[in-house]
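Structures are listed in the sections that come next.
The two complexes that follow have chain A in common; it is paired with chain B in the first and with chain C in the second.
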Partner chain A sequence: MSDQKKGVSRRRVLKTGAAGLLATGAAPMIFTRGAWAQEFRNNPTGSEVVLGFNVPQTGAYADEGADELRAYMLAVKHLNGEGDGGMLSTMQPSSLGGNGILGKKVTFVTGDTQTKSDAARDSARRMIERDGALIITGGSSSGVAVAVQALCQEMGIIFMAGLTHSNDTTGKDKKRYGFRHFFNAYMSGAALAPVLEAEYGSDRQAYHLTADYNWGWTQEESLINSTEAIGWQTTKAVRTPLGAGDFSQYITPVLNSGADVLILNHYGKDMVNSLTQAIQFGLRDRQANGKNIEIVVPLFSRLMAQGAGENIKGILGSTNWNWSLQDEGSQNFVKSFGAEYGFPPSQAAHTCYVQTLLYADACERAGTFYPPEVIRALEGHIFDGMGNGPTEYRAEDHQCFKDVLVVRGNQNPSSQFDLLEVVQEVPRAQVEYDASIFGGELGPYEVS
Partner chain B sequence: MDAILVQFLNGLDKGGAYALIALGLTLVFGTLGVVNFAHGAIFMIGSFVAVAFRQILTWESVVLSETELSPWGTALEIRTPYALEWFGDFGNILIDFSVPIAVLLAIPVMYLVGISMERGLIKHFYKRPHAEQILVTFGLAIVLGEVARTFFGANPIPQPMPEAVRGAADIGVLFGMAENAITYPWWRLIYFIFSLVVIGAVFAFLRFTTFGLVVRAGMSDRETVELLGINIDRRFTIMFGLAAVVAGVAGVMYTPLLPPTYSLGMDFLVLSFVVVVVGGMGSLPGAVAAGFLLGILQSFAAMTEVKEIFPGIDQVIIYLVAVVILLVRPRGLFGRKGVMET
Partner chain C sequence: MLALPKKELITFLIFAVVVLTMPIWLTPFGASYPGLLQKFAIYGLLAVGFNILFGLTGYLSFGHAAFLGVGSYAAVWSFKLLSMNAIPAIVFAVILSGLFALVIGYLSLKRSGIYFSILTLAFAQMSYNLAYSVLTPITNGETGLQLTLQDPRVLDLAFSERGAGLPLVELFGVDMAGYGGFYLSAILLIIGFFVAQKITLSPFGLMLKGIKSNQNRMKYTGFNIRPYTLAAFVISGMYAGLAGGLLAVTDPLAGAERMQWTASGELVLMTILGGVGTMFGPVLGAWIMKYLENIFSAFNENVLHNLFSFLPEGVQEVAVRFVALFVGEGWHLTLGLMFVLVVVFLPGGLMEGYRRFVNRFFNGKKPKPRVPDKQTQPAE
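Right, the complex of A and B next:
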């Protein structure tokens, strides 16, 4: 004897009805979250979602990469509802609830870019193909960002860039699947020029020393354009080999060139070395054209400023973010980061943390991990409470537009981290530009 | 004229560094017959001796403030270097002169590093082909660089020069020019003189001591020296240690000019190897002459006037010179006939 009832059960009727609704495309909207389940790479089907953090763990930018990784791990904690929540409580608008992304716990894998394009692409590909990473994020070089971004476009994986400052990343090399929160060389020039005019006047002769690669060229071009617009003249622009070490042979010609401003379009170790050596040659103790010779470092980084030691004092530059900012979002982030690691975050850490939260929030708003929908959620998204004031992810080029900081090497630092003082928070409107000036095509939403 | 003089001076201090590294490199090749690609790493280790010494001098006592908070909400740390607490003003002087004092510290440290390197690894490769020696020493250089990165991080660590010699000397006045016509950093001038003193000391040691006489004899005819009952291997091991000392102190003194990083050794290694090849493998005068020659040529190649005629020449000049020398005189400028000619 069996107790089983024969005939049509209520459960079977409901199942059949639901299947029929889905089959006819009449599914209620609440069922759409998994609608693209079979249509995109690395769709997270389990209870976890994997993010791929591709940062320099070896090589010249390993310290910056380590700081990025710290920020990513903090973001993961906050997304999963652990810790004090950091910027989750200040981000506006926010769909994040501290319960992962779309209810799935956030986990991560890491890769080492080595600050080499090939190595970065290999590690990104490994995280995508082997580890099932849903997005790739991080990096500390424009060359790497452009290379990984192109790979991600091919593979249909969203790339949230880390520290990359070249105009090309969201200019001629922009991609539909690539997004940059960090500012760029054009913005540095636009933000710096009025401050330079106010501090040093409009009758100046500038001499550029420029790192001879993509980022250096775009920064040199942007700085020449913006300083010439305020009346400065460009005496000479000299390209220096990347990683030259000793810049003395490039600095000494500046002394008798007639220039009264030296602009160092260098970053990282090159910046540390060229600035240190320029100071040693007594550049700032000399005069030209009846004016004190000044030095400008358009892109500053606190981590790099530590390497230049006292030489950074009084030098003007620009930065994406600084831990001394007093807005609630920045302070929350500094507190979380400082409590976790014992020191304040760098601008690289900040941009990586923000990028992770922005991606997670976009998924929540889109209601899916399906990349084209997440991309649409990010495009044109306006947000606040993340440390840079009201910010927009411009749809046309995936570049974030926000206030830019002009900073000066602190004359009287209160601690080993207090290296930069904010001179001016330059409003977004002053650094904005037409997306078409740098060319490029975003490409399609759908990739095969 | 003044631009040429300044570039000449640039070449001298750069050449001094090349010569000091190349001197050790060629000394090791001349005595032990080893092509030591880890020699640049020894220069890097020397620079980190200066860093470590300064870090020891600036070790700080930490007191937590009872009233003030850090920006992340924990008690503010009030830090004071022990050197100041214990020695007062003298502590300040020690910190200020940390680089010159580190030179003295580097002598025994680098000697031990050199001896350990030779006894621990390189002696096992004496009878192996040069290609294998290059591979193993290059690998060692990578390992040493990564060890330095692990302990000191990847960022450059600034090492200030003593306050008294900061700034630039007015060289132009010595040549009857106007004030500030030619200025040159004091420390670079000191580095040039320092390199001459070290080079002179090495030559004097080899020329005027019995030990040096035996070493030179061993370099010329190892078998005959051994037949006389002299333990030439032990002396050559000591020479390896001496070569490490030369590169190490060169690294210490270079730190105010180039903040040390773990990659410093690699930055200098290839250049120094080219210097040795141009000067002649195993030739001490060749290493010194080629070091200064290439340093000066590199500086002149970076002049805007030169680059306008030959764009990019500054990046390839020393390799061009090396190619020409190898084609015209394969044994190098001062090389002995038959040594590394094929």
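Right, the complex of A and C next:
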């Protein structure tokens, strides 16, 4: 992020700006670029490296935030060689030895995003400017992820996104310094469509209720595209205000619309409320066009399923990861998370844990903390053993490509956590798309 | 025109010194980094402007955050369309929020007291919902308005090539993201403080005080109070717009939640915490609030364990458990407790506490008991 036309080194201006402004009324303008190639913001010079965990601790997504923080603390332990090592032993390839990152002990600072862009940027700036955080990671909302990612690009700090599902994060708002392991709305649509076709047939009328903001729209768009591709028709797509609480006025029209599938593009409390009310209205006991009315929740999470209780039984959706997966990486992670906290991790916890390990591994492989080199190490990196099978960090948009889980609300849960059963692991090839379809530009590697 | 009475001049000079030396005296509090320093200066400015309406005129606006948001959006659009220079952005922010305040003020000021407050709250909430979803092409909705690589930036690109990355906000070559942005905000805060002092001392200010103490009496003496209250409302809105513009200058992003009613409520809280109607009180309130929000919320259990490491093992655990209630995600609790204590024991805010302290220890006089004057209740 540089002011090309003046040729001022940003770092130099920052350092001398205050003094220069006071002393001479203008900052020096003659420094050339490139002279600081290996000096970068928050270069860890001591024996410790600081990671910045920016998660919602208050507000609507505080549950997810708390779980993310637990995962981060576990990751820090494992990186420092404490505990049972979790996924460190299953990660392939791995350069991590349990002795910190590049021999430096990992420590961390935390901040509260409040699920607000401003608050999230404030706390990210505190961690970067005051606490010397080398990276920022976390978050449970796409709006926040996009805002913090832009800040990190400006500051030359790598951002490892937490839970963010909107296409924009690695689409039109993608950034060179931002990386997302979580899947996105497009993938949800692409993974769900064939399963929906197999379960419900190809002659269906879909009715969408969509949370009226950026994430909801991208998911609605992706779902409409992929369901229409299998022959479904879209009766109507209705936007509902975020945090509406009472969805009855939106659900009654569904009954008279002639639609036979209701797609809920809601997340968190909204999804819990809209789904519960749809079931209470007896939607699933009714018929339309001679077929049973079905409900689909494209983005599922176990924390939401816990909130919706009985109502999620038999409902189809997609998820990034579920703790019931049987591969060794997932099992190790669930075991060490359970030993530490007494319950299984959520998908938010999983993605944050994996992101931390991936960053640490990239530093080891690059042999330096210098961000442009670490970014190059992450771009196009192919790895396995982290719970999702073979995964690739695509270089063009910094989106991870991996199998996506289509899940169904468990009919006979064996425990209070056993809420989702995996219907199908949709292979990567089926959810892949061309990086250019969403537009956007990554920007430069060097931001001096 | 620029002269101040001696007492006011001393206040002004002390204020200016305090603001400009913030990077030094905030260091021991762990708050001396550009991000927070900028917020201190900007929210101070917002509180000074709000006090002209609430403290001086007695009209409690519950929707001031709307002007903050308008200012931010105007500034970011100026960056996108015209130039990355801070000056046009600030000018547009002030003008646009002034116009916006004129419209909302014209409608809201048809009522006073609680009805006025509710009207402003309604308008602000409308603005928030519009910005959040309906006006997405202009505001980019929930994600917030940001700079992109393809922005037209007509003025900048007329003179230079498009760079590889996003450009930075600058003012004559000084980068606005770091200390440069703080000093710009600080200087504008000092100017804003001075203007507020002049307004308070002017005949116009006296009219506003008159309106606060008894509207009906003002009307019976033959004054039409509408133009005065509207002027105060617009000036106050322009202060908020300037603050919003500066938020965008120091960090070029404008999000809808800046306009939410909680943001307006925060501003009322700041003003009451510091002391309604005093010059310095609202600024102090804003600083305390931002400090709690940014520093207290960052204390996690690790930090606490380090802090209490001198205590024996068992006691340390108890101490950490207890203090953890009030820091980290519990910072709202600290703020709430503080607010309750201030309102119950120091109805005039922290500035009243300061006055009582000075009276008791330096004047040798007993503090004057504050007589709650029924007739000076705000905005009735």
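Assume the second predicted complex is superposed on the first by the 410 of 448 C-alpha atoms of A that agree within 3 Å, B and C clash if a C-alpha of one lies under 4 Å from a C-alpha of the other, contacts with A are read in each partner's own complex, and residues count from 1 in each chain.
The rule is short, and it goes like this: a contact is a pair of C-beta atoms (placed from the backbone, for glycine too) under 8 Å apart; a residue touches a chain by one contact, two chains touch by 3 or more.
Quantities reported herein were computed from a predicted structural model and do not represent experimental measurements.
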Contacts of A:238 with chain B and chain C, given as first, second, both or neither: first
Dominant toucher of chain A (residue count), chain B or chain C: C
Partner chain(s) touched by A:62 [first = chain B, second = chain C, both, neither]: both
Which superposed partner A:400 touches (first chain B, second chain C, both, neither): neither
Touched partner set for A:420, first chain B, second chain C, both or neither: neither
Contacts of A:112 with chain B and chain C, given as first, second, both or neither: second
Partner chain(s) touched by A:323 [first = chain B, second = chain C, both, neither]: first
Partner chain(s) touched by A:308 [first = chain B, second = chain C, both, neither]: first
First, second, both or neither for A:259, with chain B first and chain C second: neither
Which of chain B and chain C A:136 touches, first, second, both or neither: neither
Overlap of chain C and chain B interfaces on chain A (superposed complexes): 58, 62, 241
Residue numbers on chain A that touch chain B, as the complex places them: 58-63, 236, 238, 241, 243, 245-246, 248-250, 252-253, 255-256, 269, 272-273, 276-277, 280-282, 285-286, 303-304, 306-311, 323-324, 331, 334-339, 344
Touching residues (chain side chain C, partner chain A) in the complex: 23, 30, 32-36, 39, 84, 129, 132-133, 136, 140-144, 146-147, 149, 156, 159-161, 163-168, 170, 172-175, 177-180, 182-183, 247, 251, 253, 255, 257-258, 293-295, 297-298, 300, 302, 328-329, 332
In the complex, chain B residues that touch chain A: 2-3, 6-7, 10-11, 13-14, 70-74, 146, 149, 153-158, 160, 166-168, 180, 183-185, 187-188, 256-259, 261, 263, 267-268, 298-299, 302-304, 307, 314-315
Complex contacts: residues of chain A adjacent to chain C: 1-6, 8, 10, 13-14, 17-18, 20-22, 26-27, 29, 57-58, 62, 108-112, 116-119, 121-123, 125-131, 142-143, 146-147, 150-151, 153-154, 168, 173, 212-215, 239, 241-242, 441, 443-444, 447
